[in-house]
Every structure is written in structure tokens, then in C-alpha cells.
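Two complexes, one shared chain (chain A), two partners (chain B, chain C).
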Partner chain A sequence: MADKKTLTFALMDAPFENARSTTALRLIDIAARRGYDINVFAYEGAVYLPFSHQAKHANAVHGHEVEEEDHPLPREWVSAVIAEAEKNGGKVDWVNCGLCVDERGAADSVDGVRRGTPGDFWNMASASDGTLVIPTK
Partner chain B sequence: MKALNIIETAYRGTLEEQDDTIVWITHAMKGAGGDLSVLLRGNAVNYGVKAQNVGALSFGARQQKSAPQLAEDVAKLPGKGVEVFIVEEDLSERGIAAGDLVDGLTAVSRDQVPKLFDGFDQVWHW
Partner chain C sequence: MANYLLIESRDPFDSNDVGQFYGLAAGLAREGHSVTLFLVQNGVLPARPSAHSAALADLRGAGIDVLADDFSLQERGIAADGLADGVAAAALDVVIDHMAGGSKTIWH
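Presenting the complex of A and B:
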């Protein structure tokens, strides 16, 4: 792909609190569909986005059992964008900030997520066509 | 590659993290070989005020040690080669005088900020 891009995203928000990380994943999904190489540096609460113990639940207010409710799980979205990038000739290098993982006990992540440092973020951004940081406000 | 970290959201988790996480990651990336500068704007200009003092946090019998030292963390950046800019109007609107600040900060007016961006390959607004 002649116009293949490399993009880096830095995310900070924990899941289920606001729409910023969901918006980021929508952008990442578009890049994955285009076969771009995508780097993600998950900082602070964002290390919980790929947390493998996220579980779906029923919702009595909605009158739904677990299957019908089909509660959104960011870990599934993370796995999906990783798979989508690979399908289209790109890749997602998802790096969870290691110290952020330790202070939260969030070491268990879906496949394709690795532990890293701010140095990884610097190196990823340096090698990218563009970088977008989406911080907690 | 040169990057500018704009810090605007202030005191975000600073009690819990014992620092500002973007000041911290700036130190960490500089240590990893990065070429960075910092722009303090909005409420984050208060990070430069040397008189700020956070007492030790305690809950019941649990006394937390090592409180955040934000002004000191900012003041250490220039010594590592990280230039720290601070927006003059954001200082004056909050009644913060130049003499209230730690040494080593470079004041810029809002009008100068777009020109400042020209000196960087990437600008990250935190």
C-alpha cells in the first residue's frame, strides 16, 4: 500500500466512564480498515480498556438477560481492531503503561497487548505520520 | 523529532499519583531520549507557583507519605533540557506574579503560542 500510514494514539481514560476512548477506538477502527499500522499507548486508566476480566451482565432495568443485553466490552473492541488491522495488512501495537498496570492490578489483558514504558510512546510517536493524544479531562 | 506537551488540565490525580502524570511522563520520555518542551496553560499555570504546599494525606490511621511536589517537579525540567513555557495571560487572570513562580520558566503571551507551535514536529494537548 503506497499511502500506508503509521498513526499513534495515546489514551488515558478508563472504560465505562465517558465516550472519549470509544471515539478513539472508532478512529482506530477506521485506520485498521485502511490497513494502517497503528500504535496505541494506554496510559493511566486506559490500561483497563483491554482488561481480560471484563464481563457482560444482565440488565433488569432493560428487562434483558445477559445474551439479549449484549453489554459492550472494550476488551472485545480492542481485540476486534487488532484483528481488523491484521486482516487488512496492517497491525496494532497496543502498549499498556507498565507502572499504570501495576498500580491498578490490571496485568491481565487480551492477546496482542504488551507492557511498556513512556519510552515506547516516544519511539512510536517519533516513527509515526501523526500522533493524537486523548487525555482525561 | 521535537514534541510540545501542552498541560492544561490541572491537579488531575495528583494526590493519588504523587505528581502530575504529564509532567511525570515528560521526565520519563526525556530520560528515554526524547526532545520535549512543555507549555503550561489554563489552570496548570499554578504548577509553577513555588508557595504551593500539599500536606500529608491521611485516612484514619493511614498516614500517606511523599506528597506531590509539583512546583519542584516543574522546576527540575529545564535542568534536564526541557524548556517550560507558561502563558502570561493565564497567570495574570489568576493573580499570579512572576515572582511567585519557580525559576527557569519562559513566559509567552497567547499571541505567541501559534508561533511557538512552529518549532515542533508534534504538539500534544493533554
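Presenting the complex of A and C:
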């Protein structure tokens, strides 16, 4: 791809809490569909976005069983954007902040996620066409 | 001169510092930079004609492109064909376009 780009995102929000997580994954999905190379540095609570033990649940208030509720899981979205990028000739390098992982016991992640440090974010941003930091409020 | 994309995700009815972010956009434009303000999430609420909409019209008058995420508008029941003066609906792709093009991109 002649105009292939590399973009870097820094995320900080934990899943299931704020629309920022959804918007971030919408942005990453757009870049993945274009076949861009995408770097993600997940910091603080964002290390839980690809946490592999996230589980769907029923919704008793709505009277929905697990399958009917089809509760969305960010770990599935992370896997989906990794697969989408690969399908289109790009890749996602998803780095979870190692100290943030240790603090939270969030070591178990979906495939395609690696452990790193804020130094990785510096290197990613330095080698990217564009960088977006999405901080917590 | 540089290209800036400023992304506002907060509701000015809820967060007083939104005005400061609008001010940053105005200041950058005044210094000759190319500036786009992209509204997303609750940041699109002033795109519905309201007490805070005039600030967006002023930014457009200062040469700033003011865009509102079409998905965020739809989620909040704001019709894309009835937006406040100076605001246009746009896809989130605009953000990726700017990042890929080397714009300085700031989230608030």
C-alpha cells in the first residue's frame, strides 16, 4: 500500500465505564479497515480492555438470558480490530503498560497483546504519522 | 503554520472548561494555523441550537471548521439537517484522515 500510514493511540479508560473506550475502538477500527499499522498503548485502567476473563452475563431486569442479552465485550472488539487490520494488510501492536497490569492483576489478555512500558509509547509516537492521546477526565 | 484537529468530547453545559478548549481553537486560528474542531460524544450537544451554540458559530466565523460526529448526533437524537449555524455533520473518519495527514491532534 503506497500510502500506508502508522497511527498511535494512547488509551487510559477502563472498559464498561465511559464512551471514550467505544470511540477509541471506533477510531482504531477505521484505521484497521484502511490497512494501516496501528499502535495502541494501554495505560492505567485501559489494560483491562483486552482482559481475557471478561464474560457475558444475563440481564434479569430485562428478562434476558445470556445469549439473548449478547452483552458486548471489549476483549472481543480488541480481537476484532486486530483481525481486521491483518485482513487488510495492516497490523495492531497493542501494548499494555506492565506496571498497570501488575497493579490490577490483568495479565491475562487476548492474543495479540504484549506487555511494555511508557517507553514503548514514546517510540511508537516518534515513528508514527499521527498520535492521539485519549486521557481520562 | 500547522494543521490542528481539536476533538471536544465534553458537554459545555456540564464542563466549564469546554470554553477554554474553544478558546484554544480560536487562538490557534488567530495565529494563522489551520484548525478543525471535531465534536464527539456529549461534545455534540451544543450542535443542537441552544444557549451554547453561538460559540460554535463564532469559531466558524473565525475560519475554523466545526464538525460533529454523525454517530454521536444520531445517538442523541440530534438531526444532522437541523444543526446550529456553523456546524456540519461528519463521519469519525475525519479524525483518522487528520492523523494520517500529520495534523496535531488533541483530545479534550
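In this text, the second predicted complex is superposed on the first by the 137 of 137 C-alpha atoms of A that agree within 3 Å, B and C clash if a C-alpha of one lies under 4 Å from a C-alpha of the other, contacts with A are read in each partner's own complex, and residues count from 1 in each chain.
Quick note on the criterion: a residue touches a chain if its C-beta (ideal position, glycine included) is under 8 Å from a C-beta of that chain, and two chains touch if they have at least 3 such contacts.
Note that this is a predicted model, so its numbers are computed, not measured.
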Exercise. Touching A:V66 in the superposition: chain B (first), chain C (second), both, neither?
Worked result: neither
For this session: Considering only touches as defined above, state whether A:A107 meets chain B (first), chain C (second), both or neither.
Result: neither
For this session: Examine A:Y36 and indicate which partner it touches, taking first as chain B and second as chain C; both and neither are also allowed.
Result: second
Exercise. Of the partners chain B and chain C, which touch A:P135 in the superposed model: first, second, both, neither?
Worked result: both
For this session: Check whether A:L27 is in contact with chain B, with chain C, with both or with neither, and answer first, second, both or neither.
Result: second
For this session: Would you check which partner chain A:E44 touches, where first means chain B only, second means chain C only, and both and neither mean what they say?
Result: first
Exercise. Now for A:F121: first (chain B), second (chain C), both, or neither, which partner does it touch?
Worked result: first
Problem set entry | Residues on chain A lying within both footprints (that of chain B and that of chain C) | 130-131, 133, 135, 137
Problem set entry | chain A to chain C touching residues, read off their complex | 5, 7, 19-20, 23, 26-27, 30-31, 34, 36, 129-135, 137
Problem set entry | Parts of chain A lying in touch with chain B, wherever the complex brings them together | 10, 12, 43-44, 117-119, 121-123, 125-126, 130-131, 133, 135-137
Problem set entry | chain A contact footprint on chain B (complex, rising order) | 1, 3, 9, 12-13, 21-22, 25, 28-29, 31-34, 122, 124-126
Problem set entry | Parts of chain C lying in touch with chain A, wherever the complex brings them together | 7, 9-10, 40-42, 71, 92-93, 95-96, 98-103, 105, 107
